[in-house]
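In the part that follows, the structures are each spelled out as structure tokens.
Consider the two complexes below, in which chain A is the common component and chain B and chain C are the respective partners.
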Partner chain A sequence: MVAASVTGLAARRLTSGYTAAMVLLGVGVSLLPLMVSNYILTFVLQALMACALAGSWNLISGFTGYVSFGHAAFFGLGAYAAGIAIAKAAVPAPVAIASAAIVAGCAGLCLGYPALRLRGPYFAVGMLGVAEALRVGITVAEPVTGGGRGLVMPPQDVLLPAYFSMLALVVLIVAITRAVATRPVGLRLLAIREDEVAAEVTGIQTTRLKLVAFATSATLAGVAGGIYAWHMSYIDPTTVFAGSLTVRAIAMTMLGGQGTVFGPVIGSVVLSVIGEVTWARFPFLHNAVSGALIVVIVLFIPRGVTGVLQDRGVLPRSRTL
Partner chain B sequence: MIGALPVAIGVAAVACGGEAATPAAPASGGAAAPKGAPIKVGASVSTTGSNGKTGLYQVEAYKLWIDQVNARGGLLGRPVEMIILDDESDPTIGTKLYEKLINEDKVDLVMGPYSSSVTQAVSTVTEKYKFPMLAAGASASDIWKRNYKYIFGVYSVAESYFYSVIDIAKAAGMQTVAIVNEDTVFPKATAAGTAEYVRKQGLRIVFQEQYPAKATDLSSLITKVKAAKPDVLVGGSYQPDSILLTRQAKELDLNVKLLAFSVGAAIPEFGTGLGKDADFVMGPSMWEPVLKTKGNVEFVETYTKKWNREPDYHSATGFAGGQILEAAVAKAKSLDREKIREALSSLDIETVLPGRYKVDDTGTQTAHIAVVIQWQGKEKPVIAPDSMANGKPKLPTPEWKARP
Partner chain C sequence: MTGGAEARIPEPLATPLLSVDDVHAGYGRVRVLHGVSAAVEAGQLVGLIGPNGAGKSTILKAITGFARVSAGRIRYDGQDVTGVRADRLVPLGIAYVPQGRLVFAQMTVHENLEMGAFTVRDAGARQEAFSRVYDLFPRLADRRTQLAGTMSGGEQQMVAIGRGLMVRPRLMLLDEPSLGLAPRFVALVFETLQSLKAQGLAMLVVEQNAAQTLAIADRAYLLELGRNRLEGTGADLLANPETRRLYLGD
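For the complex of A and B:
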């Protein structure tokens, strides 16, 4: 195996070089506001949002293999929690975003408790139902949420603060993922993915672990929703509970590598670039092109870019990647 | 994000020396060819996604307007070009695209997107940059309740869509009304406004319920309406759901004396899709080809020639948006956006739309007149208001079983 060639010192150098590249990417993104127009900032902000969703999805689904098709539920809940706090109580943004985190986190706990007893496709479809039920619930609760007419907040120009908040969220998610991946807890989560019964037999408290991972994932997605609402100053149920949000998160994570630290980041960068090219070339077909791309990923590189590079021996098999 | 940078469906500013027949072209046949750097007008309209079909009418109208503006000498003597992007019916993408139009493409002016929810979201962006915008594809009154200074309505607010239909029902002695609507921005506003008006007119609401967007089966809803036995059924709807409701009303033999839908009923495809079953259905329309408004005959003619299909009212509102912007620039005599904003808030002009263009302090449209159409055979004559009507309402609607 070629992988054997990357060992010892070389492996460590490669690993730190790779990590340094990611840090540089972060620094570059944080310096962007000095260099580019508000359009590019809005574009990167939305890419960061997708990255946050992918990263938070990865925490539960990438590590434990519990594939959730309803991740948008927590994004939407966070958006509405923050939106209502801003629109009805006129609270400052940090408080609104904190309430988004709390609401989404609590929802994650309450929903995860029963839902994580389901496995495989049952869990995936169950979560899909949850997202749809929440969308309808928000639509019906009109006096508080504005229902289908959407929720209107007082307008404010918060592009820059929203941009840095979203960037900070992505950094936080990467940090959490790295902390998880490099500690025994990461291995335990991966063990659940490989064989849950075996994991249980070896003494891993699978239920508790899954629930914590799920709630963390939900909280982070909720924060992303909160920042989104704050920036847009107008939200409506169809947009913030859209299934396409979840699908993009899944596609990005799978492309980059499930259960890896930087996989979702790589996936979102690559898919953003590809999205740009396909949209410019095939304005009416680009969704089909992205769909085809997902099929190709699943068929040919199920372990994602990171996995392929590790198999080829380009990257060492380090858990910090 | 999947779907990043947009592609500009650029409309070339062709400085053709006034050969095309346009309403305002001087009779002498030859406006001065526009000179100088082109003026850029930007817009993002949904041409894909759930509202793509309707949005396309608006895009076609924008492009037709650009052709005609250039043919009659451009704006302020300069040629005009338009950058039209596609927001995929997604408000999030819409805001990004207006940031792009304003910051990257450096457009001089903007026009509105399609649908109330996208307009609601992007109006925050245009407000931030102080770009006056005509909402040529939106009518939910919430848009004008945020104290924004740079957004102007082109046609009647959604709440008032069914006023004339209710008047007709009342005049015919009907008493009970059922209201159903899709649970999104525009249909909800329509239903809320209708309910209020029904009560004010002394009629009774016997049933009111919403249904989810993209519903493919509304039979349980129809069954409930049937149990309530209303004289009138009003649907706050878009195109697909209005057709679905009519079809299932027939299947389940729901008989009302008056059936009316927003958006869907006024679109030509309603008649082609339903055939005879479309008969007797009424709908509010913001514009009709038969109306004798200023320049309407030429508009229908040039539009049909350019796009090989008849315009629908979304084309007309888009085209009227262009006409209003043109008048505002002419009045402001410059591209100064503050002056254009002032012009837009004080203008009082005729467009291809019935009524006039005139807004109140909030930017809400107040002088446009919505008409009512009714499907009769393969035609949809205007039946209200009387001053514009070219047909008479046929009431009551016969029972499904009694129809040939």
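For the complex of A and C:
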């Protein structure tokens, strides 16, 4: 905001060029179904899902610094809410996805209220425990959830509608992030990350703000889970509560730049492509790649690609990036 | 209590802006304050001095809700604010500058001040607040686009004080504003406190630097082990042989 004005016109041109590139990426992805095979479409759908998870994680963890290792919990809850609604009540997809949003959002409020009192590693590990406890809970609740064998929905071919739903979700997440980042509320969230005591003494109602951000993040992750369940027509606890979902979301956000608008998008494009290339030849390597990448990023480029480009003067220090 | 009549000021007749009455407070099960009282009248600069562990910072934390008050009352401007947290005190006109220069390191100087002013809705009042702070600290005006984390300790302290001033407080609580600063910045901090006092701002200042604080304070309290030990005007305490023996190290 302020710093961007230093280099004036050039900075503004760069910023709008960058934004234009991102818009083009979105248009390209939305036109993709016209020209490519279902295989590629499924791959892009998975990349979009990863991007939705990374973007929703970024809203709480990237901005406030409350790193959650349990983000998959909300994805899983959303998946099961939608899955149960489809399998047991045969509701139409929009209703199923809305119930995913409601269940994940309410869970975010109820879990965030106690969990956000913890800070730093305690919060991170606490959320890890929450995700694991939910996975076990869903497994045990066999009559409703199908337990460890998973939940089967009537199979239907919904690749295209699911594809566009996930794309819409990603666009929504980016729009929300941009709205947050360019308004004072974004600065307030970043203030919590910088120093929570200092934030409080300037009059920021930190508890309320954190809770709203956390519940929003949970709702969006839940919607991603709902779309996933609808598309796959089969879910099981190990897959939808997988810690690797969270780890990949963290790796993608950190690679792109946490607390930025387009960081999670950049990170998910890069890591999804790398994952797809290594996946075919080395089936288990992509998890190791994510893990190793987090270590490398934290050590060498803690502010991600966006931060590096800003430090080198390639991109201006604008909060709209 | 020693020191004779000059160190024992009679209770003021008017209601003080801030009054701390017989407050017991601490963290968890640890008790730090065992019944401390203090008062700040409008426009006064009041010093809190005492050796390490006396509970000076804890009084400020008790006022701002960071330390738990188990007994006693804190009143501000006629209302009971015992246990009210810092974010709710800001709209009432209390600014708190914690110890250790807690600036937002990854934000620019201007953004730090902006954070201080976000409860100020009126755009004109915000502009006025910015120019008031930049007038007080011209150095910050020169560096408004610099990241606060890259500044010297003294400059960061200016940012922290300036951020507190953005809401145009009636009372400012300052915890060790000169701690760890280079000598010329220590002098600047005390000059700043004096000019803020001249503008009518009431302040409650916790300081290690007792002699300089007493020299500019209207009133001061000397605490020891969580209890009031001496009180009086700054000059009284400075002259008091007990203060010198207990604390100034004569």
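Criterion: the second predicted complex is superposed on the first by the 301 of 321 C-alpha atoms of A that agree within 3 Å, B and C clash if a C-alpha of one lies under 4 Å from a C-alpha of the other, contacts with A are read in each partner's own complex, and residues count from 1 in each chain.
The criterion applied here is as follows: a contact is a pair of C-beta atoms (placed from the backbone, for glycine too) under 8 Å apart; a residue touches a chain by one contact, two chains touch by 3 or more.
Only a predicted model underlies this, so the values are computations on that prediction, with no experimental measurement involved.
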item	value
Which of chain B and chain C A:P143 touches, first, second, both or neither	neither
In the superposition, chain B vs chain C on chain A residues touched	B
Chain B versus chain C as contact partner of A:T206, first or second or both or neither	second
Partner chain in contact with A:R188 - chain B first, chain C second, else both or neither	second
Touching partner for A:L271 - first (chain B), second (chain C), both, neither	first
First, second, both or neither for A:P155, with chain B first and chain C second	first
Partner chain(s) touched by A:V197 [first = chain B, second = chain C, both, neither]	second
Which superposed partner A:P114 touches (first chain B, second chain C, both, neither)	neither
Footprint overlap on chain A, comparing chain B with chain C	none
Residues of chain B defined as touching chain A within the complex	1-7, 9, 47-48, 86, 90-92, 95-96, 99-100, 102-104, 117, 120-121, 124, 127-128, 140, 142, 145-146, 148, 182-185, 187-189, 210, 212-213
Complex contacts: residues of chain A adjacent to chain B	37-43, 46-47, 49-50, 136, 139, 147-150, 152, 154-155, 157, 228, 232-234, 236, 238-239, 242, 248, 251, 268, 271-276, 279-281, 283-284, 286-287, 290
Residues on chain C engaged by chain A in the complex (per definition of touch)	64, 66, 85-87, 90-91, 95-98, 102-108, 110-111, 114-116, 118-119, 144-145, 160, 163-164, 167
Interfacial residue positions of chain A with respect to chain C in the complex	1-3, 6, 184, 187-188, 190-191, 194-195, 197-206
